[in-house]
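Multiple structures are listed underneath, in C-alpha cells.
After this come two complexes, each holding subunit A, first together with subunit B and then together with subunit C.
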Partner chain A sequence: MSGVVVTPGLRAGFGRRAGRQAIEWIPAAVVFCLGIAVWEGAIWAFHIKQFLLPKPSDIVSSLWSDGGTLWPAGWTTFKEALGGFAGGSAAGIVVATAIGRFRALGGVLMPLAIAANAVPIIAFAPIFNAWFDPLAPGSKMAIAGVLCFFPVLVNTLRGLQSVSPRQIELMRSYAAGELTIWRRVRVPTALPYVFTSLKVASVLAMIGAIVGEYFGGSFNALGVLIRSDAQILDFQTAWAGILVASLLGLALYAAVVVAERLTIRWAPASRDP
Partner chain B sequence: MRKRWIVGVLVAAAVAAAAVAGVATRASAAPKLTNITLQLKWVPQAQFAGYYAASLKGFYKDEGLNVTLKNGGPDIIPEQVVASNQAQFGVDWLPSLLAARDKGTDLVNVAQVFARSGMTQLTWKSSGITTVAKMRGKKVANWLGGNQYELFAALTKFGMDPEKNKGVTIVQQPFDMNLFLQHKVDSASAMTYNELAQVLESKNPKTGKLFTLADLNVIKMQDVGTGMLEDGLFSTASWLKDPANQAIAVKFIAASLKGWIYCRDHVAECVSMTLQEGPTLPKGHQTWQMNEINKLIWPNAAGIGVMNKADYARTAKIAQQYGAIKKAPTAGAYRTDLATKAVALLKKQGVDVNGKSYKPITVKLTAGGK
Partner chain C sequence: MSESGRPVVQIEGVTKVFAQGNVTALQDIDLELQPGEFVSLIGPSGCGKSTLLRVIGDLVQPTAGTVTVNGKSAGQARADRDYGIVFQDSVLFDWRTVAKNIALPLELLGWDRERRRRRIDEMLALVELTGFADHHPWQLSGGMQQRVSIARALAFEPALLLMDEPFGALDEMTRERLNLELLAIWRQLGSTIVFVTHSISEAVFLSTRVVVMSPRPGRIAGVVDIDLPAERTVETHEDPRFFELVTEVRELLRRRGEHLLPEEEQALTDAARAGAGGAGE
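== the complex of A and B ==
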C-alpha cells in the first residue's frame, strides 16, 4: 500500500530531477559540440586528407548511407556482447557468492582468477577461435565473457564482504538463519557494488566481441567490417562502424543503469550519473 | 650498478659510431644513385621475385637507382604508404588502387605487371559445389579488406548479395587454409600461386597422402568472367608532376620489368633470391609460386607492364558495380606512357618483353612445401 502513496511523489521528484540533470549535462554537451566543430574545422583548415581523418559530417552521412550493412552487423556483434555479458557476469556473481560463503574456496580460486585476468585478452582471441568454431557466436561470447567475469567477481565479493558485523549480530539476535541474513543483509549491501561492476562489464563486453571478430568471423559483424573497411582506406565507413559500436555499448550501459535504478532505490550512490 | 651503466653507454656509443660509419661508407661508395622506395603488397614470397631480382642482379643500380624494398603484411596498406609519401612506388591490386583513389588519394597505376587474375575459389570435390551458382546458402570464405571484389562480383552475378550476407554467408578467412582444411567453410579463396599450393602441400588425414587437384574443384574468377587485374606498380600524380621524376619512373619501371623478365627465364635462381628475403614458406612452395606468377604475366602481346585497356575497363566496371568504388574512376587512374617508354628502353637492350614462346615448368609439391 505504501508504494501507491509514494509513487506520485516520486514522479514529481523524477521530473524535477530530470530538469536538474539536463542543466548538469549542458557543459558536457557544449564541450562535445566544440570538439566536433574543432575536428571538422581542422580538416577544413589544414586540408587533412579524407583517407587519414574523415569529417564528422561525412561519418554521419556514411552511417546513414551504409546503415543497411552497419546496423545488422552491429546487431550481430551486440548479441555476441550480450551473450558474453550475461554469461561472464553470471559466472562472476556465482563464483563470488561461493567464495563469500566458503572462505576456503577464496584461497583457491582468487589467485587463479587474478592470474587469468592478467592475461591480455587479445592473446586469448585466436585461441578461443580455435577452441570454439570461429564462425559461431560462441567464440566471441567466450572472449566477452572472460572480460566481464573478473570485475564482476571482485566487486560482488567486495560487496558481500562489506556487511557491517553489527547488522549480522542484529539479525542473529532476531534468530534469523544464514539464508535470511544472506537475502536480507548481504545481498542488499552487495547490490550497489554488483551494479557498478555490471556497468564496467557492459562496456567491456562490446570490446570483447569486437576483438574476437578481428580474428575472424562472418562478414556481417562489426569487427570484421571495421577491419575490412580500414584496409581499403574506407575510414569513413570504419568510423561509422566504430560509432555504431559505441552507441550499442552505451545502450547496454544505459540498460544496466536503468536496471540499477529500478532495483536499488534506497542507495543514494545509484543516483549519481 | 654504476659500472653496468657505464658499459651500457659505451655499447650505445659504439653502436652509434658504427652506424654513422656504415652510412658514411655507403654514401661515399655510391654518390650518384637516386633513392627510391617500393612498398610491396605482402610478406616476402615469389609474388615479388621480379623486384628482388632487379635489386640483387643490379638492374636498379644500372639505371642509377638505389631501391629499398619494403615488405608488406596484413596491416600494411601500400596505397596509404605511398599516398602519405613514405614510398614513391607501391605494388597492389588494381581494384584496391581504384578504391583508394575513390577516397581522395591521387594514386596512379604506372605499370600493370600481372596481366591475368590468379584468384580462385576452392571447394571439395565431395561437396558437389562445382560452380559459383552452387555456393548459394553456403559458407564462403575470403580475406576481405580489398581482396573480396572478384568473389563478390561472381556471387552477385549468380543472384546472391554477399555485402548483406543474403543468399550466401561470407566468412573472414585467416591467412592460412585451416578453415577450409577442417571443413568449417564450404569454399575458400585461394590464389593459384599461394593458397592452392598450401592445400596441395597438406596431408589428407584419411589417406595420409597429400591432397591432389583431384580432391578439389578450382573455380577460377578469370573463367567466371569476374577476374580483375591484380599486382601493378603505382605512384602518386603529385610526385609524377615533375618531369625529372617521370624520367626516374621510366628507369624504375624498366629495371623492375627486367627483373620479371629475368625470373621468367631463370625460375630456380629467382626462387633462391626469394629465399634470401626470408619468406615464411620454404623452397618447394616458392618454386610453385614463381611458376604460377610467371603464368599470370606471360605471354604478354603488348609488352609486360603496359595496361590493357579492355582489362582495365572490366576491372573498373566490376569495382563500381560491386561497391569497391562509388563513382566511375576518372581518366587519371592509370597512364601507359611511362610503361611504354620503359618497354621501348628494354627492347633497345635486346630484351624479350613479350615472352611469346613462354612455357611454364611442372612443379611437384611436397608436404609443407619443402
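== the complex of A and C ==
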C-alpha cells in the first residue's frame, strides 16, 4: 500500500520540523540581541539622558517595579482590543459572506465600504468617546472593531471570489447545490485569506484600543497610563507600558497564527510568520 | 453497460448564441453517440468544441435544439449524476488528500465510509497511484494530478465521461503514456467518452470516431470513423492507416478555405511532426 513517497522533506516528523524552525529563528534572535546591546551601549557611550531614551534593562526592570499597575492596565486594554477584534472581524466576515452570496449587495456596499475605509478612523476616537461612555470599554472596542472590520471584509470577499470557474463547473456537474458549493469549495478556498486578514486585524485592534485610551478612559488602562507617564516625564514607565502593549499584541497575533495552523493543516509549509 | 441500440447521447439541432458579443458558438449541431464509443471533438480555437462538451454536460444551456442523454434531458442526466468530467487543469482541491479528492463525488452521492474506502482503493489501483492516498495534490506531478482527476471522474461510474483537453497541459511523453492508460481504462470499464483535443494525432490514436469542427459559426465539418484495430499500441503511431486517417482529419480541418489561426497551424505542425517522428524512430 504505502512505501512509495515522491516528495522529499515535506512530511518530516514533528520533532525535526520543530528543530528546523528553531534553527530558522536563530538569525532573528541574534539580530534582536545585537540591537538591544547597541541600544544599551549607545546610551552608555554617548551619555544619552534617561528621559530621552531609557536603557532596555531599566525598561524591563520596570515591568517588575511598576508591574502592579502595568499588567492590570494591560489586561484592561487587552480585553478592549480582544472585544473589538472579535466584533469587527465577525462583522467583516458576515458582510463579506453576504456580498459573496448576493452580488447585487456588493455593488451597493463595496463603493461605500471603500470610501469609508479611506477615512482615517483613528480621527474618530474622540467622537467615539463622546458617543459611548469614555470610561467603559465599549468606546475603545468600537474603534478597534471599526479598524478590524475593513481588512477582514476585503480579504474574506477576495477569498470567497478566488474560486476558479472550473471548480464551480465540476461541482455543478455533480449536481451540487449552492450551499454544498459554499461549504465544500468557497469556504475552504477563502480560509487562508481570512486568516491573513485576522493577523492584520489583531495588530490593528491593539492600536485602536490604545489610541482610543489616549483620548480618555479609565486610569487603569495602558493608553491612559502611557500618556500620563509621558506627561510627568516618567519615560521609563511609559516605555514599559509600550513594551507591555507589544507583548500583549504579539500574544493576540500568536493566538491567530496557532488557530490558523490548527484550521489549515493541509497547506504547504510556506507561510508568512 | 448502457442499453444497446439506444444512443447514450443524442444531439439534435443544437445552436448556441452567446448573448455577450452575439457570438454563434454552435450552429445546427446533430450528433449521436453510441454506448462504449470514444468520440473526439477536434478543431481550432473558437470552433465551439468545449461549448459542445458543456452543452452535453448541461453546464451551458443551448439557445435552440435538444440534448438527450440515456433517454433523459441533459438537465435530468446531470441531476442523476450521469457525468464524469475531466478538465485540462486537474481541478483538485488542495485541502483534500488524493483519497478525499476521489471521494468527493461519492460523498455527494451519500456513500458510506466503508464503500467509499473500497472504491478509492479500486480507483487508485486503476490509475496506478496506489500508495498515494494520503498525499496532497501539490505533492504530485502534473501527470499524477491528472490521473487523480480521471479517477475522481470515474469513481461513481458515470454513464458518460466528458474530457476537455485533459492532457493539453502535459509534456509529450506524459501525454503519450496517459493516452495508453486512458485506453486501457476505457476498455476495462466500457464507458462512453467525449474527448476534446487540439491534437490530430491524439484524436486519431484514441478514438472510435473523430468529429472535426470548424469555427465562426461552430459547425461539424465532418466525421471520420477510425477503423484502426481496437487494440492500440505505441506501434499504432507507425501504422500506414494511422497516417491516412491523420491526413483525412487534417484535410477536413483545412477544407474550410479560411485563413488558419496560429493554434490551427500548431495543430497541423503537430500532426506533421507526429508523422515524421514515427518514421525517424
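The working rule: the second predicted complex is superposed on the first by the 257 of 273 C-alpha atoms of A that agree within 3 Å, B and C clash if a C-alpha of one lies under 4 Å from a C-alpha of the other, contacts with A are read in each partner's own complex, and residues count from 1 in each chain.
Convention: a residue touches a chain if its C-beta (ideal position, glycine included) is under 8 Å from a C-beta of that chain, and two chains touch if they have at least 3 such contacts.
Keep in mind the model is a prediction, meaning the values are calculated, not measured.
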Give one of first, second, both or neither to describe whether A:188 is in contact with subunit B, with subunit C, with both, or with none. second
When the two structures are overlaid on chain A, which partner does A:243 contact: first (subunit B), second (subunit C), both, or neither? neither
For A:207 in the superposed arrangement: first (subunit B), second (subunit C), both or neither? neither
Does the superposition put A:228 against subunit B (first), subunit C (second), both, or neither? first
Mind working out whether A:135 is in touch with subunit B, subunit C, both or neither, as first, second, both or neither? first
Just checking: does A:121 make contact with subunit B only, subunit C only, both, or neither of them? Give me first, second, both or neither. neither
Contact-wise, after the overlay, does A:69 reach subunit B, subunit C, both or neither (first, second, both, neither)? first
Based on the superposed arrangement, let me know which partner A:170 touches: subunit B (first), subunit C (second), both, or neither? second
Kindly classify A:180 by the partners it touches after superposition: subunit B alone (first), subunit C alone (second), both, or neither? second
Take the contacts of subunit A with subunit B and those with subunit C, and give the residues found in both. none
So in the complex, which bits of subunit A are touching subunit C? 1-4, 6-7, 10, 164, 166-167, 169-170, 172-176, 180, 184-185, 188, 264, 266-268
In their shared complex, subunit A is touched by residues of subunit C numbered 54, 57, 59, 78-81, 83-85, 87, 89, 91, 93-97, 104-105, 108, 130-136, 138-141, 162
Per the touch rule above, subunit A residues touching subunit B in the complex are 49-52, 68-69, 72, 133-135, 215-220, 224, 227-228, 230-236
Give the list of subunit B residues in touch with subunit A in this complex. 75, 77, 79-80, 83-84, 96, 99-100, 103-105, 139, 144-146, 148, 162-165, 169-174, 179, 184-185, 324
